[in-house]
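Same chain, two partners: subunit A is paired with subunit B first, then with subunit C.
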Partner chain A sequence: MLRVSGLHARVEEQEILRGVNLEVRAGEVHAVMGPNGSGKSTLAQVLAGREDYEVTAGSIELDGEDLQEMAPEERAHAGLFLAFQYPVEIPGVGNSYFLKAAVNATRKARGEQELDAMDFLQLLRQRAKLVDVDEALLRRPVNEGFSGGEKKRNEILQMAVLEPRLAVLDETDSGLDIDALKTVAAGVNALRNGDRAFVVITHYQRLLNYIVPDHVHVLQGGRIVRSGGSELAHELEEKGYAGLNGDSAGA
Partner chain B sequence: MATATDTIEALAQRDYEYGFVTDVEQDTAPPGLSEEIIEFISAKKNEPRWLLDWRLDAYRGWLKMVEPDWANVRYEPVDYQSICYYAAPKSDDDRPKSLDEIDPEILATYEKLGIPLKEQEMLAGVAVDAVFDSVSVATTFREKLSELGVIFCSFSEAVQDHPELVRKYLGTVVPRRDNFFAALNSAVFSDGSFVYIPKGVRCPMELSTYFRINAMNTGQFERTLIIADEGSYVSYLEGCTAPMRDENQLHAAVVELVAHEDARIKYSTVQNWYPGDKQGVGGIYNFVTKRGLCEGRRSKISWTQVETGSAVTWKYPSCILKGDDSVGEFYSVAVSNNRQQADTGTKMIHVGKRTSSTIVSKGISAGEGQNTYRGSVRILRSAEDARNFSQCDSMLIGDRCGAHTFPYIDVANPSAQMEHEASTSKIGEDQIFYCNQRGIETEDAVSMIVNGFCKEVFRELPMEFAVEAQKLLEVSLEGSVG
Partner chain C sequence: MTAVTPTPTAQYLDLFARRGERSGEAAPVRLRRRQAIERFEAAGFPGRGDEEWRQTNIAPLLRSAVTEASREEVGARQARRFLYQGCDRLVFVNGRFAVELSSIPKEIAVSSLADLEATGGAADAVAEHLGATVDGRASCSADAVVHPFAALNTGLFEDGAAIVIPAGAAVERPLQVLWLSAPAAGAAADSLEVSFPRLLVVAGENSQASIIETFVAVNGAAGGYFVCPAAEFVCRAGSVLHHTRLQADASDAFHLGFQHTELERSAVFDSSSLTFGGGLVRNDAVALLDGEGAHCTLDGLYVVAGSQFVDNHMRVEHRQPHTTSHQLYKGVLDDRARSVFNGRIYVHKAAQKTDAKQTNRNLLLSRSALANSNPQLEIFADDVRCTHGSTIGRLDEDALFYLRARGLPREQAYGMLVYAFARELVEKTSFEPLRQDLEGRLRASLNGGPGGGEAA
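Up next is the complex of A and B:
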């Protein structure tokens, strides 16, 4: 479904990604781990099409389509979703209003009929229940005054409503206490299915106790230096990234 | 004076000779301003002597005044001697014959705002039968209102039919020599609206200039007077969202509101005069004096404005809170895009005890627009336990525009409670990217973010007006990002 080949990208003259290869198939959950500054978040931003990041070499394909040719909203319409590390506040814009606009913009782009207020509300309520989000959150302005946990849960809710093909979760676990982490993970697990894939970006192994990945990749210095099954995450937990470095010398 | 009188008499003769219809079609005063011109205007309107004297006194005061230059706006000086101060309504011959003759850009905007064809024709000044439809609508409304004793008519009609009311209230809130533009208006005002709500009457409908076809030709010096007698209520809507065609560059209107004991006046404006092209050429100068007097105890005046048009806006709807426990409110959204400049805000003058005021101002600057909030809150010594809450937020779109805030606070009574909040934000790339990532295009993202920013003001507008205002904002900011 997602094929990243030889991806190089830079921000303000600084090369951050130096040849990333990644292949994700439908139904799979991939974890991308790595120390600070390894390029994890850059990878997420480049996938979503953030302007400040310049791709200098390589390719990204989603379902055989070249993502680099597409604007961020077109990538969203194609089924790419990014759960932000720092969800953005939009004062005065109601959460459910925002989501309705998002859903209908996507449906319109796909040539589907837009949902009316009643149908949308039904969908929203059902999804909120699925990922265990309180309805009160729906009536508040987008992320404004939300706690860290509420913001992350709101991202998961948006994902549940938008039903992406591929969801990229950028450090969704950062800043969450264990209860919030469990709720968020349960939300993600509820959305796992054979047609949908996840790329879970995280610094810590902790999240992966709750979202068990099929594949784990270690990103370091802008390259994936090791890949393996979920056991790799536990190895990292024990040895740390530095310990892994010794092991993977020459890999 | 003899010559002036002769001229008027001669003109009056001629008018009579040709009869009323031809009179309307042919009369236009030559450019320039003088006592003769003012006498001519007054005579044309068949005004009583006291009103002519009132105009002349304003004019003599105006002659000694200097055009204010303290506002944070720049514009080409106005040549007051090149303006025609009296022009009769245009005859059908001078009007466009159909919408085909109207600037396609204006038509495109009508289209975007979803204005029905008939109304488009009306707004564009096309000579069509649609006019008669709206006249009859207006007449129906007026009959219903008159059953309740509500007077809603043009200012000129009020001078003829209700001279005692006009004389009693005119200039009591905005004195005829109040300021340069108000004095000019007082000397030469063309027409406008007059509203009187009798004691205890709650006006059953929103009063709107939109439905009054004669308001389409009130000209550049509009004069409005609204009186709410004890315990009454009225909601008045001014302007409309569609851009109105107008050849006069200078607009200097005066609005006076009087609220007696327990009366409430809600005054909502949507101003969308031509802002000029992208270089700022040809736009309207909008220099307005609006003031309300909360005369009686527990009276309330609420101003809500959405200002998206005009090249230059100079406007400070104010409240004088004279009655004890009276309330003043000001809710404003002002947009300046391209080369537009807006210097707008309010004055809240607390005189009575326990008076309270609320100010919520949202300024939006895009392109090379400059937006200034200028507000003054004065708590006089007599205003025991007065309260004010002010919130002034500015939003910048792009990096070539400007936002400025000048709050003046003057407190002479130590029991006053004042709160002032201000913020400036920039529509962030990350806000737009966030919306994009959720599938929302940049242009829709901007209008969504801006509408969210203005929400506190929009919810003060009457329902249909609020919907129109949102759409208008979208259209006004089109192309301002990316």
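Up next is the complex of A and C:
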């Protein structure tokens, strides 16, 4: 489903990704772990199409289509979803209004009929329940004044409503207490199925106790330096990134 | 042979001379007219050296020859486009009352200034107030300045509306005053038709009313024109007056207006000024809080593009204790548009417990747009709460990316963010037809086209 080959990317003059290879098949959950500054968030932003990053080499394909040719909204229409590490506050735009606009922009782009207010509300309520989001959040402006946990839950709600093919979760666990973490993980697990894939980017192994990955990759110095099964996450927890062979931690 | 070009000042003095004496005008008004034109003659038009006009270049206006606005007829159908359902209305075409297009509410006394005898009931208020405040005491005691365009209006207005809301009346339906510009089709390209709309509103004690002023041009108005309006509001003790001023003149029109408000004890004046049109726009607003407990809100929005220039100049004077004032002005500027916000809060020594708040926020949508913001506080009392702040910024790129990453096309995301920035000012009114009109105008003026964020 997702194929990243030899991906190099830089921001301003600094090269951050230096040859990332990653292949994700439908139904799989991949965890990408790594120390601060290893390029985890850059990878997420490059996948979503952030223009501040320049891809200098390599390719990204989603279902055989070249993502680099696509604007961020076109990637979303193609089924890519990024749960932001830092969800943006947007004063003046209602949360549910925004979600309806997002759903219908996607449906329109795919040549599907747009949802009317009633149908959308029904969908929204059902998904809010699925990921355990208080309906009061839906009536507030997007992320404005939300607590850290509310912002992350709101990302998961957006994912549940938009039903992506591939969801990239960028440090969705950062800043969450254990209860919020469980809620977010339960939301993700509720959406797991054979057609959908996840790339879970995280610094800590803790989240992976609740979202059990099929594959774990270690990103260091802009490259994936090790890959393995879910046991790799536990090894990292014990030894730390410095305990890995090769590059030093904290690059 | 040398042709003598009249100076800009002489042109306007000539308009005054040609009009001559008006029959039936109350003696005090006649006197104030003459005094106003004398003051204008003595002061002339302001130059860039004049502190209050430093950032407003009126040279393009002064270069143009002016003629009195023509006597165009406007059909009911043309006017109806701009009228709100559920309102009473006073329609003026080129500054002259169009009685056949108007509907005058029974509970309010309304007079046409050109014909006080024939139209009813506000003649005494006109004699007492009209022009008495605008040119007289409309300034901080220390630095009385003649407002040249207010003086011009007082000297030259041909018609206008005087509205008296009786004491204790709670007027349910808003009253719309439509100022329609209809320049003659064959007008010379290098001359401006000028009109001087005049409004006087006296809100009686404990009365409540809502006034909507709309400045627009009939469809397809070609060539430049110049609107030079002046409005006076006298808010008696305990009155509540809502006021909306929508200016959507043609984009090459000149619009330089003056608004003056006096508030007595516990009176409330809540005013919004929305600027969409005009090429060279200057709005001056003065509010005098002259009674304990009086409150004044002066809010505004300007959404400009192309080479539009808009200058909002405000002065709020707190003269008595326990008075409050709020100002929130927001600007959206695209292309080469420029804006000036000049807000001055003046707290007199006697005005203890003043609570004043002033905010100006600007959103620049292009590299060439320019906003100037000058909030000023002058405080002579020692127990007050006054805050001011201004921001000039660009669209939040993080927010734009966030919306696009959720599937919203760039233009739609853009429109949604700009709408979100400005919406509190167009959604302030509880009068639905006005709100819808303002929303529509805001959306239409955004590059992103219809996109925005309807109620959450």
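The criterion applied here is as follows: the second predicted complex is superposed on the first by the 244 of 251 C-alpha atoms of A that agree within 3 Å, B and C clash if a C-alpha of one lies under 4 Å from a C-alpha of the other, contacts with A are read in each partner's own complex, and residues count from 1 in each chain.
Going forward, a residue touches a chain if its C-beta (ideal position, glycine included) is under 8 Å from a C-beta of that chain, and two chains touch if they have at least 3 such contacts.
In this text, all values refer to a predicted model and were calculated from it rather than measured experimentally.
Engineer: Could you say whether A:Pro141 touches subunit B, subunit C, both of them, or neither, answering first, second, both or neither?
Structural biologist: both
Engineer: Kindly classify A:Arg25 by the partners it touches after superposition: subunit B alone (first), subunit C alone (second), both, or neither?
Structural biologist: Neither partner.
Engineer: Kindly classify A:Lys239 by the partners it touches after superposition: subunit B alone (first), subunit C alone (second), both, or neither?
Structural biologist: A:Lys239 contacts neither subunit B nor subunit C.
Engineer: When the two structures are overlaid on chain A, which partner does A:Lys129 contact: first (subunit B), second (subunit C), both, or neither?
Structural biologist: A:Lys129 contacts neither subunit B nor subunit C.
Engineer: Once chain A of both complexes is superposed, is A:Glu73 in touch with subunit B (first), subunit C (second), both, or neither?
Structural biologist: In the superposed model, A:Glu73 contacts both subunit B and subunit C.
Engineer: Looking at A:Gly92 after the superposition, I want to know if it touches subunit B, subunit C, both of them or none. Which is it: first, second, both, neither?
Structural biologist: So A:Gly92 meets both subunit B and subunit C here.
Engineer: Just to be sure I follow: which residues of subunit A are touched by subunit B in one complex and then by subunit C in the other one?
Structural biologist: 48-51, 71-73, 75-77, 81-82, 84, 87-93, 98, 101-103, 105-106, 109, 141, 158, 162
Engineer: Quick one: which bits of subunit A touch subunit B in the complex? Just the residue numbers, please.
Structural biologist: Residues of subunit A touching subunit B: 48-52, 71-73, 75-77, 81-82, 84, 87-93, 98-99, 101-103, 105-106, 109, 141, 158, 162.
Engineer: Please name which positions on subunit A make contact with subunit C in the complex.
Structural biologist: Touching subunit C from subunit A are residues 48-51, 71-73, 75-77, 81-82, 84, 87-98, 101-103, 105-106, 109, 139-141, 158, 162.
Engineer: Name, in rising order, each residue of subunit B that touches subunit A in their complex.
Structural biologist: 428-431, 433-442, 444, 448-449, 451-456
Engineer: Going by the contact rule at the top, pick out the subunit C residues touching subunit A in the complex.
Structural biologist: 396, 398-399, 401-410, 412-413, 416-417, 419-421, 423-424, 453-456
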